[in-house]
Amino acid sequence: MWKWFHRLASPPHLYRTAAAFAPWFAFAAALLIGYGLVDGLVFAPPDYQQGDAFRIIYVHAPSAWLSLFGYTTMAVAGAIALIWRIKVGYAVAAAAAPVGASFTLSALVTGSLWGRPMWGTYWAWDPRLTSELILLFLYFGVISLRKAFEDPNRGDRASALLGIVGFVNVPIVHFSVYWWNSLHQGGTVMRLGKPEMPGSMLWPLLAMLAGFMCFFGAVLCVRVRGEILSRERQSTWVREVVSA
Amino acid sequence: MHEPAVGLTAEKIHVWRGDRHVLRGVSFAARPGCLLHVHGPNGTGKTTLLRVLCGLLRPESGVVRWGGDPIETIRSEYQRAMTYASHEAALKGDLTALENLRYAVGLKRRVPDAQLRTTLERTGVGLCADLPARVLSAGQRRRVAMARVLAMRSTLWLLDEPYTNLDAKGGDLLTALLDEHVGAGGIALVVAHHALPLTGAVDRLELAA
Amino acid sequence: MHEPAVGLTAEKIHVWRGDRHVLRGVSFAARPGCLLHVHGPNGTGKTTLLRVLCGLLRPESGVVRWGGDPIETIRSEYQRAMTYASHEAALKGDLTALENLRYAVGLKRRVPDAQLRTTLERTGVGLCADLPARVLSAGQRRRVAMARVLAMRSTLWLLDEPYTNLDAKGGDLLTALLDEHVGAGGIALVVAHHALPLTGAVDRLELAA
Amino acid sequence: MILRSGFWAMGGYARFVWPSIGFALAILAWNVWSARRHHARALVRVRRAIQMARSEES
Amino acid sequence: MSAAETDVGLLRGIGLVLARELRLGFRRPDQLLQPLVFFLIVTTLFPLALSPLTSLLRAMAPGVLWVAALLSSLLSMETLFKADADDGTLEQLALSSQPLGAIVVAKTIAHWLVSGAALVAMSPLVATALSVPPRALPTMLASLALGTLTLSWLGAIGAGLTVGLRRGGVLLSLIVLPLAMPLLIFGASATDRAIGGENPAGALYFLAALCVFTTSLGPLAASAALRITLE
Amino acid sequence: MSAAETDVGLLRGIGLVLARELRLGFRRPDQLLQPLVFFLIVTTLFPLALSPLTSLLRAMAPGVLWVAALLSSLLSMETLFKADADDGTLEQLALSSQPLGAIVVAKTIAHWLVSGAALVAMSPLVATALSVPPRALPTMLASLALGTLTLSWLGAIGAGLTVGLRRGGVLLSLIVLPLAMPLLIFGASATDRAIGGENPAGALYFLAALCVFTTSLGPLAASAALRITLE
């Protein structure tokens, strides 16, 4: 296990692994998202309370999920890199940040569009909503801190540290609906035991969740490859790979 | 004065800093083709004198004249004719060496980038032209500052310890440039702690403690 | 290595800055009583090397050892034994020269103000002891920095162009101090562009372009 | 079935449903585009570095 | 070469300094966005700190918007001359043959372009989040545009006076904020009246007058201030 | 001399750095007052920008107080390491034989003493001007005291991360403000509840917990940040 971990941590190996995985992720993502969209938008019955507006869930929940998953990926990769001095960790963290930020934006926008018919307003200063907005700011902070350094090594380490410090916000986003009485509804899918949703609504949602995760994986693979290339541009293996 | 009023003259410059009477009636005349080597122990007012001469500091008493006129009265003409290089290299860290030159020299005369590149090559930092000044080494920054002085094509150079941080080759280059400038009828005031190995004549102005 | 592990050694230090491979496998050993004169043209990595040696910069590869141990592993011990003087004088403008010394040296060893004043007098800036560092001249700032190095009483001195801005007397003083330090079994690494006129033996480390 | 007008109307919520689907898909598309551009730029940087190294050698 | 051939005119000088400032700004695009982000963050802080009742929000919105604009403009103002003073390039600019006033004008305009103008462009979004009704947006935009330009000039004077002082930033706010008070009062009241459906023309005219006044005297005052502190 | 005789212990080291910071602060007493004056100005700007109805003012007061405290603390935070980094003394401090954490602790405490503590002491005056009833003052004082200390630690982390960057100040706020938002929410709500006569204990406990948390982890994180940026 430890050996495998170390092998993966070598840049050329991760570079090749990412290349091998990317098309599979992309393929799975296309299938799952395609199925989820069609089944969710066309075949699933309208919600008895929300009518057809509930269909926004098929993009909102996966986006919101990825916003948290992306941040977690970034923080964990950064922590691994900082603690064990594993350089590819920084590459993964740098690759995850913009992707996660984009899904945070997507969660905010789709959520607001959903909020208007449900709560009568696009925006409210509700704990879940606010903490999600803070998450976006944190992403921005991490990204611009990395860019603010001339020396990429220092930028990597500084933004990894900030990512770790900012991680406190992730549980806040997730649990805010339980800790405070919130406009936003609590977990429906991830509840242990029986989900309260009928299968006809649930299956496309699960497909979308899985599809978005695969999509994240595919994009991350491509970005990690790019990060590794430009970080290792002085090394001989990159030169061989590129000039070949 | 019965001599023709050309070049830079200073008459009885007095400057106090805090409670110290730093410059106590400094006078000199520097005519075209003259290099004035300003020297003296640390803290005797060489930098202070140069700042007075370039008009950044107003002396308590005394006049600085350029071509016979007090410099305050002909400020823009004087500033066109003069270039000052201070203790620090005065470069913008976020701009490249070339851009630094472009925006500094460009305010004095129109100059194409190609010419600035040539000047940078001449002072030995042609390869650093497109690096941000922030990452340059101390000596490279000095060389860029030297290129700026050159590119200004001013008559009067006021240089505060220009040999600082330069390697042996850089020092020789600077000496050659000073020789050339003075030989072509320019005026240079140079602060330095060691003797200047110029081929031409060197006047010396000693500031005593 | 079969020799006893004392002093400062560097093994195959590699450093990249931007796209430049600045230090390409620098190695040396400096034993007690040794002065290492680091020289080479501008921009060849002398300052970079000194920052690696004092632990402010992590090299891409290579180790710096103090008494045989890598310096990261014995950081606080190493920092107690070492003093670094950078290109700039590193003084707080709002504090007086004496206060600057007090707060810098005081973190390494307990030292009464009277002793610091004596050190300042020794480096020729006793009269500036109570002036804020902001108003000091370039050479006076250097001399205060020199006093700081002296007052630290460290075994290892890392000095980056310490002769900068010093007048002739100041240069001689510095040479004498270096001689004394090395003579008493200290180690000094000195970056300078000219030959060092020391009486003792001087090792040379040349960084090539 | 898709062609029935009720589908596009989304039960009166078309104004909210379609923009959010559209925005989410746009984010997906942006991610694909920017990841590919990121990779292409990295390649350019590597090529430039190789060139610089060659010119330094010669 | 003849003097005429190579002489640099006033306009060309201003253009050159403007180009320099913009290039410095765009060299770090993320930093260009920072006054904006600051503006956004400060405006989100308020609803957070208050119980977010829409009616209360709407009543506060003009105040919040204007105070945020003021602070954000002020923060970025601090670096107007300070960065140049620290690295010695300000001295070089002052010794160039261009008049100091021209340099001040160029730097201030560049500052407004990269901070004030961007802020104005962003403000409708923020205003909507603070539940300002759409009909008040044109007035708010006009008042903010005039106000931020005036602020840039005031800030230039303050920055000129405080450059070279340690912690000049906070001192700068002490100097500029009192000067900016009338601006704030009239700007907020114009927006407020527009929200309430009243006629905001009076306040807008006053803002315009202030803007013209500072634009004409600002360069003079700022370059005088700079000359004093440079010495 | 023997090592024992001259060695400098941890506490003595912290004390020395603390003395240095305070001396630097008091060398310019006018600048010492600046965060305070900034706090005063921001809190007076609001009533100016709004129609000063007492009821509205009272509803806004906790928010205004807290936002002003946050911004004022943040602004002065910027210079925490920057001034030392610019003149090279931070490097010297880092190379002294004291652990970097100790130096960070000393600097942060000094910062809190000259900005946070002074601000807390001043707040009753401002609160009264914003027509906060006297019965809410103890809660407000307690919450501000806890809050400003927490802020100082958060600020130290942010300042450590951004030291040496151009325009680090705005980046600093981008980093610190999101982290400070929970603080703001709970601080304002504690004050708000106290004004409304409700029990603020819950929010105060939360603030106290945050304060303990940041005080214990802050030095670590801030010195790690500093070590990264110093390189």
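Going by the order they are written in, the chains are A, B, C, D, E and F; count residues from 1 in each one.
Criterion: contacts are C-beta pairs under 8 Å (C-beta built on N, C-alpha and C of every residue); 3 or more make two chains touch, one makes a residue touch a chain.
Computed from a prediction, not measured in an experiment: that's the story for all the values here.
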Query = Smallest number of touch links from chain B to reach chain F?
reply = 2
Query = Taking a step as a move to a touching chain, how many steps at least join chain B to chain E?
reply = 1
Between the pairs A-B and A-E, the one where more C-beta pairs touch = A-E
Query = Measuring from the mean C-alpha position of chain A to the mean C-alpha position of chain F, what distance in angstrom results?
reply = 33
Ask   = How many Å are there between the centre of chain C and the centre of chain D, using C-alpha atoms for each centre?
value = 53
Query = Where the CA atoms of chain A average out and where those of chain C average out, how many Å apart are those spots?
reply = 49
Query = If you average the CA atoms of chain B and of chain D, how far apart do the two points sit, in angstrom?
reply = 55
Message = Give me the residue numbers in chain B that touch at least two other chains, ranges are fine.
response = 93-94, 135
Key: Touching two or more other chains - residues of chain D   = 49
Message = Can you pull out the residues of chain E that are in contact with at least two other chains?
response = 28, 31, 34, 37, 41, 48, 166
Task = State the interface residues of chain A toward chain F in the complex, per the touch definition above.
result = 130, 134, 137-138, 140-141, 144-145, 148-149, 151, 153-154, 157-158, 161-162, 165-166, 168-169, 172
Request  = Would you pull the chain B residues touching chain E in the complex into a rising list?
outcome  = 54-58, 76, 79-80, 82-84, 86, 88-95, 99, 103-104, 106-111
Ask   = In their shared complex, at which residues does chain F touch chain E?
value = 28, 30-31, 34-35, 37-38, 41-42, 45-46, 48-51, 56, 59-60, 62-64, 66-67, 70-71, 75-76, 78-79, 83, 86, 166-167, 169-171, 173-174, 177-178, 181, 184-185, 187-188, 192
Note = Interface with chain C, chain B side, in the complex: residues 17-18, 40-43, 47, 87, 124, 128, 131, 135-140, 142-143, 161, 164-171, 193-194
Message = Which stretch or stretches of chain A touch chain B in the complex?
response = 150
